[in-house]
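For clarity, chains are labelled A, B and C in written order, and residue numbers in each chain start from 1.
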Amino acid sequence: MDFVSLFLLDLVKQLQSPTLGFLIGGMVIAALGSQLVIPEAICQIIVFMLLTKIGLTGGIAIRTSNLTEMILPAAFAVIVGILVVFIARYTLARLPKVKTVDAIATGGLFGAVSGSTMAAALTLLEEQNISYEAWAGAFYPFMDIPALVTAIVVANIYLNKKRRATVQSSLEGTLSRQPVAAGDFSDPQDYPSTRQEYRGRQQAPGGNRVQIWPIIQESLQGPALSAMLLGLALGIFTRPESVYESFYNPLFRGLLSVLMVVMGMEAWSRVGELRKVAQWYVVYSVVAPFVHGLIAFGLGMIAHYTMGFSMGGVVVLAVIASSSSDISGPPTLRAGIPSANPSAYIGASTAVGTPVAIGLCIPFFIGLAQAIGG
Amino acid sequence: MDFVSLFLLDLVKQLQSPTLGFLIGGMVIAALGSQLVIPEAICQIIVFMLLTKIGLTGGIAIRTSNLTEMILPAAFAVIVGILVVFIARYTLARLPKVKTVDAIATGGLFGAVSGSTMAAALTLLEEQNISYEAWAGAFYPFMDIPALVTAIVVANIYLNKKRRATVQSSLEGTLSRQPVAAGDFSDPQDYPSTRQEYRGRQQAPGGNRVQIWPIIQESLQGPALSAMLLGLALGIFTRPESVYESFYNPLFRGLLSVLMVVMGMEAWSRVGELRKVAQWYVVYSVVAPFVHGLIAFGLGMIAHYTMGFSMGGVVVLAVIASSSSDISGPPTLRAGIPSANPSAYIGASTAVGTPVAIGLCIPFFIGLAQAIGG
Amino acid sequence: MDFVSLFLLDLVKQLQSPTLGFLIGGMVIAALGSQLVIPEAICQIIVFMLLTKIGLTGGIAIRTSNLTEMILPAAFAVIVGILVVFIARYTLARLPKVKTVDAIATGGLFGAVSGSTMAAALTLLEEQNISYEAWAGAFYPFMDIPALVTAIVVANIYLNKKRRATVQSSLEGTLSRQPVAAGDFSDPQDYPSTRQEYRGRQQAPGGNRVQIWPIIQESLQGPALSAMLLGLALGIFTRPESVYESFYNPLFRGLLSVLMVVMGMEAWSRVGELRKVAQWYVVYSVVAPFVHGLIAFGLGMIAHYTMGFSMGGVVVLAVIASSSSDISGPPTLRAGIPSANPSAYIGASTAVGTPVAIGLCIPFFIGLAQAIGG
């Protein structure tokens, strides 16, 4: 009873947080038909600055930290990233009207990480005066990349198995050559060609193996992750404290608030896209962020009790598990699993998964940490 | 004599203010043929941030204010907004070569409010250490919306009367169906269609009434006003102090200075447009900001003596009355009065009205307040 | 020995500076194939803000300075700007496979100044706690304009001489009418027309003189220089301290760091352009920044010993001599010397000259100043 009341009290208090307030405000003005436009160029530079800042924070922290402390939480991040894909493979993929490749791709996107969601979580932790390890933001790639790699590998193994079964009767593996469902993407033609390249390599020895390195490379080259890694490297190898204190750190919350308005408006405008997708995706997109977050929260608690990992760090781990990728994930998946339907995994993630992660999971896990730790 | 010398001294001092300096600087470099370009995306985000900040300031102030203090000034704002349209109807519209609908639309635009002008006034008041009620910026919609609604209603009543007089001989009210004079707008076709919708609704019972609610809705949905109302709501219902202090408030003056350069350059480049318009518009655009401001200043003085409304607040009221809408007003008017000529009211407002309001009226009313109050 | 070790120690320390770190970081992520994009609109506003800030700093300093102190260094800036062109005329132009007009144009671009490079130098001086005269940034136009004017005048004298030699046999000076080599510029047609205008004027009396005033005017109207002069004028004639302290000054380093990432990525992507150009341009582009900087450093030392010009100021003078124009110079040169090949001078400048100036010359001259002065 005391636990529940503490938790609910905290939830209400957090909804007054400016970060969530701007998100909800964005949704409300979109619902009221506002003509407000935040230009795309502004969103790009905001994402660059947020992730460079998270990288710098992590890099500066790593420079002065005991690296052994980071091993266990980082390993848990990798584990959760891989696990999320298998959960989708054996739950979502089994549901009626859901194609297996679409489900695997969706799992990959939900296992990958959203920089904006993580930025919101770090800000809320600070607003609630909950301390966390400064290097916690650096877990991003440890969960993001394994999830995407696992999804692409699992999908290709599945497709190869299926092809072998079919290949008895037909010579060509037509399945993986079928054109990508276009969705609202401008130039779908260049992705299959990349896929051809993968297949070209993989068919060399056994015709059955997926090249993992190109997937990792592609993830690292995405705009979100390369901004974050740039910040991380600069934080470790240079002395960026002056520019960090005068620019990246003070502007962080404000830029995030602008991005929250954009994300709120976008989430509202994409609600309609969900109609095109089997309704099971909606159920998955609401439930999965909590399930993934709880798994990561549980693993984080192990690190908390064994290694002294902070409760704030546990929340960060849970939130990046809850979040689903909005920037770098989709193009990587389209290249790696060209036969999956983008409107399934992107619709599920941006219209439901991200608002649920930011608006519900962040307050939930902060409340949970305070109820347990307080 | 003492009053005049005080006033002139203050005027000179204010022209050294950075806010006006950047405006004049923008005009000068445009006149000298500078190739400087501030991208449109930057102007959009600056307007968003300025008006969100004004909204936040107002919202935070309202949360802790005595609401009864606001009633009288807010009522005066509504009165001035309506009055300005009738002034244009019975002065500008009576002048030679001026079409009545064009005059009413111009009155609507001059009654509506410019967020940038208001932002400049608030900054100058702070630079001069003149205190004002923090909720004064929240008067924006109280003057803006009544002015636009009144203009559209008055114009339609006028057009209906005229149509009835004509309808004896011709069956169709061709006047209101004549195509909009295109001006330099990209897609004029979508506005008349909105207008058709209005007419569809209005013709239901008596064929003579204008639907007021769609006009109000359209005003509220404009980018400037929806940013301001978003800030206002977040200021009232959430606790945005952290993001306000670290982002919106410190960046306000600087962002305004960039916008002033843009507005100075734009005002200079639009001077040529005035040739297309009857010269009476130029006379109106110079005189009207002072007349409107003086009316509001007088009403503000009543609130000053009866309710203790601050002199700074009186200046804010006068300046928003002097200002004419540059962002949200024009599209609303084009939809509501499609038969009015946009190059008349937009040219008058942006090429003359806005520079006069910022460069002359703000220093004038601040000087007046200091000469009276000091 | 002590001098060399001091110098090397300082060089290593400077490579950890955030400013150079972000430049190198940008190169590295570009080399690794990052998909990161900083939108063009953001780069434009950053350049505007950096140069307005440098102008404001200079203007505020000039307002309170002894102007006679500035005369000698400013004269040296003019001398270096002119000298650089003649150096290119009598070294680069004499090398095999190098066209004389191309060499003169390249000299003009290397004599002109890069605002970003100067901004980086000022920031590094502050990071190293080396004081410099706040008006040192105002030397920009004193070197930039003479270099461009000299290059255009020298090129036209050369072309006229050559034409006279040819005119015996052919009546028309076809050389200067040959179409501009297009390079990667969108609309080359409008430049020759400006050039026609110059020729129209110059052919009036002797057919041999170049109009200097239009070249100066065109330089002053460029976006970089007009932002800087706007700041300078506002710093001298208004009181911009409030907006300077709250906006332009604190954001300076951070905005510069973003621009450094962009410049690093761009330098990397332009390396390929160098193949199109005679290899002697690469040699020139590496050596010239050091030679120009050393000449300016030497002249600066004269001012240091005679007038008490600070060592930091000497470094600023050397760095603006090392830098080559990236924004305003190229269009001015294309208009003034339409027969020169833009891919020669632009390729040499942006792919080699600018990275060498920022990444090597700035640390070199700071180290030199510290080794001499410390």
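One rule holds for everything that comes next: contacts are C-beta pairs under 8 Å (C-beta built on N, C-alpha and C of every residue); 3 or more make two chains touch, one makes a residue touch a chain.
What you see is a predicted model; the values in this text were computed from it and never measured.
S.K.: Same or different for chain B and chain C, when you check if over half of the residue numbers at their contact belong to both copies?
M.R.: different
S.K.: Once the Cα atoms of chain A and chain B are superposed, what angle does the rotation have, between 0 and 180 degrees and to the nearest 5?
M.R.: Best-fit rotation on C-alpha atoms: 120 degrees.
S.K.: Quick check: how many Å separate the C-alpha centres of chain B and chain C?
M.R.: From the centre of chain B to the centre of chain C is 44 Å.
S.K.: Note the residues in chain B that touch 2 or more other chains, in rising order.
M.R.: In chain B, 39-41, 251 touch at least two other chains.
S.K.: For chain B, which residues are in contact with chain A within the complex?
M.R.: 39-41, 44-45, 48-49, 217, 220-223, 226-227, 229-230, 233-234, 237-240, 242-244, 246-248, 251
S.K.: Which bits of chain B are touching chain C when the two form their complex?
M.R.: Of all residues in chain B, those touching chain C are 15-22, 25-26, 28-29, 32-42, 127, 250-251, 253-255, 257-258, 261.
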